[in-house]
Amino acid sequence: MYRIGIVGDGFTAADLLRILAGHDGVRVTRILSTENIGRRISDVYPHLTGFSDIVCQASDMNNLAGACDAAFLALPHGLSVPIAARLLEMGIKCIDLGADFRLEDVAVYEKYYGLDHGDPDLLKTAVYGIPELYREQIKKTSLTANPGCFPTGAILPLAPLLAAGAVAADDIIIDAKTGVSGAGKTPAPASHFCSVNENINAYGVGTHRHAPEIAQELSRAAGKRVDITFTPHLVPMNRGILSTIYTRLAPGMQAAGLRRILEEKYGGETFVRILPDGVMPHTGWVYGSNMVHINLVADDRSKRVILLSALDNLTKGASGQAVQNMNLMLGFAEDTALNIPPVFP
Amino acid sequence: MYRIGIVGDGFTAADLLRILAGHDGVRVTRILSTENIGRRISDVYPHLTGFSDIVCQASDMNNLAGACDAAFLALPHGLSVPIAARLLEMGIKCIDLGADFRLEDVAVYEKYYGLDHGDPDLLKTAVYGIPELYREQIKKTSLTANPGCFPTGAILPLAPLLAAGAVAADDIIIDAKTGVSGAGKTPAPASHFCSVNENINAYGVGTHRHAPEIAQELSRAAGKRVDITFTPHLVPMNRGILSTIYTRLAPGMQAAGLRRILEEKYGGETFVRILPDGVMPHTGWVYGSNMVHINLVADDRSKRVILLSALDNLTKGASGQAVQNMNLMLGFAEDTALNIPPVFP
Amino acid sequence: MYRIGIVGDGFTAADLLRILAGHDGVRVTRILSTENIGRRISDVYPHLTGFSDIVCQASDMNNLAGACDAAFLALPHGLSVPIAARLLEMGIKCIDLGADFRLEDVAVYEKYYGLDHGDPDLLKTAVYGIPELYREQIKKTSLTANPGCFPTGAILPLAPLLAAGAVAADDIIIDAKTGVSGAGKTPAPASHFCSVNENINAYGVGTHRHAPEIAQELSRAAGKRVDITFTPHLVPMNRGILSTIYTRLAPGMQAAGLRRILEEKYGGETFVRILPDGVMPHTGWVYGSNMVHINLVADDRSKRVILLSALDNLTKGASGQAVQNMNLMLGFAEDTALNIPPVFP
Amino acid sequence: MYRIGIVGDGFTAADLLRILAGHDGVRVTRILSTENIGRRISDVYPHLTGFSDIVCQASDMNNLAGACDAAFLALPHGLSVPIAARLLEMGIKCIDLGADFRLEDVAVYEKYYGLDHGDPDLLKTAVYGIPELYREQIKKTSLTANPGCFPTGAILPLAPLLAAGAVAADDIIIDAKTGVSGAGKTPAPASHFCSVNENINAYGVGTHRHAPEIAQELSRAAGKRVDITFTPHLVPMNRGILSTIYTRLAPGMQAAGLRRILEEKYGGETFVRILPDGVMPHTGWVYGSNMVHINLVADDRSKRVILLSALDNLTKGASGQAVQNMNLMLGFAEDTALNIPPVFP
């Protein structure tokens, strides 16, 4: 029985607790908070009543000493660097759900997040945590950078196609649509019910922080520099990201070949599913689960390729993938506690 | 052409501007703000682009001097008392959309709002602004207390029945369901999209500030003390209040008589409609309008009476009724600018 | 390993498959359908991709012969009577999710459902399937009448209080608010997105079929005839029922006593939780789970009692409770496969 | 006072009645229906209570003879051709809200709609009804083809840029997101509340009937053949279309020039607004109105251009634009009855 700490008490922390309630091999022994110190987590999140009654402690890492074998860092960007360093010193493996260890290039990090990184050496030891792409490295690391929600939805369909040279690396548009929980629980004008309901809008056009993260991973897959256009939109729903991705067939490539590449890559995966031809991914079909549904429409005449992926931004886009990474890092079966069917309707 | 001031820039101010954009007899000359001084209102509320480009000024009443004939006070509770006093001195008629002039009994006000009233004499001059009940008084007053949104939905169906002695004054339950805009635009945990969406809950059970306001007006209608049970619920929608009201037939009264009383009372009203027998009010059918739809189901055997009313909390429940009051106070036809059909779907 | 059949392929069938995917002691061997014969259930419900790929067979009970130990009947009202008779003959235990075995009084059934019952003798053998009330009987029966969604939400808080004589049996109002999935998957004007979204309305006022079912069970608990007023409302959400119940303290009873009765009754239950004083049930806090959250507000002066309960209409209100009953009937631990935390947000 | 007929009683008919209720120069004298013959329209659409109580008549064009000067055809595709021919013979001007007169090329019509056109000669006389582009022609025609909702949102931002040669005619992607009312009021699985709520999905990928309509109009603007990629998505909201359009700067063109072209083209228009730099269009900001909000983000280095437009699919996307066309055809000021501010929130 491994002992687990969670640093932070936002939506991703709550989803970690939901998932870990079904994990027989671990026990959550600590939750650290700044606003809810001394409160039971089921008072903060009453949906956890009967599933977790752990009491939040102060965000002092000494509270994890001797009490945890691994920890999830579910913190605002910029806070994880010293914490991860400290926990690793204490022999605690870390899965960071923030952005601090995702970007290899410190200069890019500092430009997009407006922060000094503080520990570029540590950064070099982190593994980017998409198990379907980096499974073996994740098994061996003590520090996983859990991907952003948008990057997960964009990278999974594109990476194998770029790796195979099957689509144009220089013409990729990602039009993404997300539910509101991705913005976190802190009240803000943009997450006010009346701003979101009966509305859709783009935001962060040309400036969103997930763009360089996507570009980094796609470049790695393609083996050359990939530039992307990424436009996120806010949709009136709690959970879900639909990514509609536009690219072109590489010269000599046929539409049918794309499906074959994806099916070959993901045919053995538990959490990534290529839907039957003509069935479009719906975010409602992965709600609350760790599943990713993918499909594509390609046209040999026009060379146009449309890839679509759907995932739950809090689960496969955050906490579910984090548990998947934890399972690999601690030696559990990768799907332990993650075979949660989606809730529909 | 009367000149109008609006003190405040929240949702009810925005809805006043929406309605007054269609009023040929008035012009909004001032909007006072604390957070948006110097900004065009169409930058604060881009839906007003093309309909109003007035610039917000500071909340100093001198800014209204010589510039306004009447003013709407759309402020948090407790701020209107000195402002109304000042404006009335300046000869500016006031419609207060807050609670400060609604409760006749200062002690009740101070208990429920936790504030000293500050000007009980001024309070005595205010008229409670439901035109269907107090039309003549409103025409003559300089200070109207615009009713709360829940009270409007509860009082309109109940007042004529209580006045006629047709239902039990000692057994009245009001189970109300409201959209989120009633809570105002300030971000808060309870108005976060993720708290409201895919959820319904009761709040303020036994303690909501609209309960004494409802009881006051129902007591006035009944000519005796009326106690009520009032339970508001928050529903995932922007606008709308549905009130489901449970009472009993008074001894000797028949179910059919209730409908007759309501039809007689409201048959000549523009904004209050008794729906055909069996057609239940839907808040979606009054969306964005000044209409109130009412119906009832009563049973001669059990004596049980269920009254239902639907209105738009921001319009008939706030800004629409305020314009209706303004029309009466300034001598316009009561429905000027208010014949706005609901937006459905 | 028990073999399970599901007769029907609507929303409750889908939720049964979601839940049973996590049950180690049973395997779904048959699904019977009329519209989707020959289709994989994961083509009908793509959210089940990776969780169930059983193929729908025709609704001929011979298809279950020798293939099932127990069956769920998830059918429109009126179809279950001959099917249950046939399956029981074949030695297959039945949990009926429809209404055909819920009402003891055939005359009441025939009045509310407009159908001849067809098998009153079989009806007498059925047990009403709320495990928290009838656990021992359910263990022994071969035919469980799974309760309606509204009745579950009303009966759980009221039954212990009526059994204790703590509240007035002659003054009970149940104002219930439900998500749309309760109406089933067949498209209809009332379930069109544009009819429901941005709207709330009452329906079936005074005529809803769940009223006699509630009255029957409350009468049984009270040991005397209980009449109720029941008003359901349709709320723009997929799942969830909030019941706001109004009654009065019985003479000599104190408010504090009510909470004590409920805590005593349900203190040992897994799925029923009395929330801390002042914390109102939210349907969003039980979403996708088998939990029921209950609370109450009572006032010693006015004698008024307000009970509130929240549940997921498809889970504790249908398929979750059905699995709970199946567990009891087949000898599994009652919570097997049901410790599913709610999905929030 | 002109007399107006409406053929059809779907959502667009209802929105026509909402808008025309505020038009002083016309009176709706006839509504023709197939399902609601003999019913008051306010019984079919209770939100019109107090605004229209016209009784639906059978869909026999003789019912319009001598009773109408102009008619709106709000019918399923394929039904308008003979009806328009008949009405024009009777001297009744027609605005067709369906697709039957939009596509110049009969072969394209027949391919996408699977119907024989039946009257190609009449088709040649129709004017495509976007007043901002074809104002003078509309003034003179007796038959307007009111555009599709998606085409309106795509053509308005793109047409002036293509006409100016400012963007690439061979690289245009339109990723559109629509509310549900665009699918009409007939219940169907895809418009069931539980299919749409908490979900987003693409549909009609590569096959949607609005694609050739958009291509036709863009080709006309560009003066050469324009191919497009068009992907519509269904969003959980009643009204609204957001179009996110991806193209590239034409050689030699600067980003700043695009804004200048749009501002010049639309600076004098009432219903089309270019938002301030950096303010993204929100469908919630045009809800219920005839407004279109447009903005763009372009990058001189990458040459990438992102255009965004928001409109209400039932108003500027259907009935509002139809009234705008009617105003031009009958000689009214173009904005008569259309200065309706959006309802926000």
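Lettered A, B, C and D in written order, each chain numbered from 1.
The rule we apply is simple: a contact is a pair of C-beta atoms (placed from the backbone, for glycine too) under 8 Å apart; a residue touches a chain by one contact, two chains touch by 3 or more.
Predicted model, so just to flag it, every value in this text is computed and none were measured.
Chemist: Chains touching chain A and chain D alike, please list them.
Modeler: Common neighbours, chain A/chain D: B, C.
Chemist: Look at all chain centres (mean of CA atoms) and spot the one farthest from the centre of chain A.
Modeler: Result for max centroid distance from chain A is chain B.
Chemist: Roughly how far is chain C from chain D, centre to centre by C-alpha average, rounded to an integer in Å?
Modeler: Chain centroid spacing, chain C to chain D, equals 46 Å.
Chemist: Would you kindly tell me how far, in whole Å, the mean C-alpha position of chain C lies from that of chain A?
Modeler: Computed value for the inter-centroid distance: 36 Å.
Chemist: At least two partner chains per residue is the criterion; list those residues in chain D.
Modeler: 11, 181, 194-195, 197-198, 236-239, 282, 284-285, 287, 345, in rising order.
Chemist: Which part of chain D faces chain C closely enough to touch in the complex?
Modeler: Counting only chain D, the residues touching chain C are 11, 180-181, 185, 187-189, 191-198, 236-238.
Chemist: Can you tell me which positions in chain B touch chain D when the two form their complex?
Modeler: On the chain B side, the touching residues are 11, 14, 17-18, 21-22, 43, 45-51, 181, 197-198, 238-239, 270, 273, 275-276, 279, 282, 284-289, 291, 293, 314, 339-345.
Chemist: Which residues of chain B touch chain C in their complex?
Modeler: 173, 175, 177, 179, 194-195, 197-203, 205-206, 227, 229, 231, 233, 235-240, 242, 244, 246, 280-285, 287, 297, 299, 302, 304, 306, 308, 310, 345
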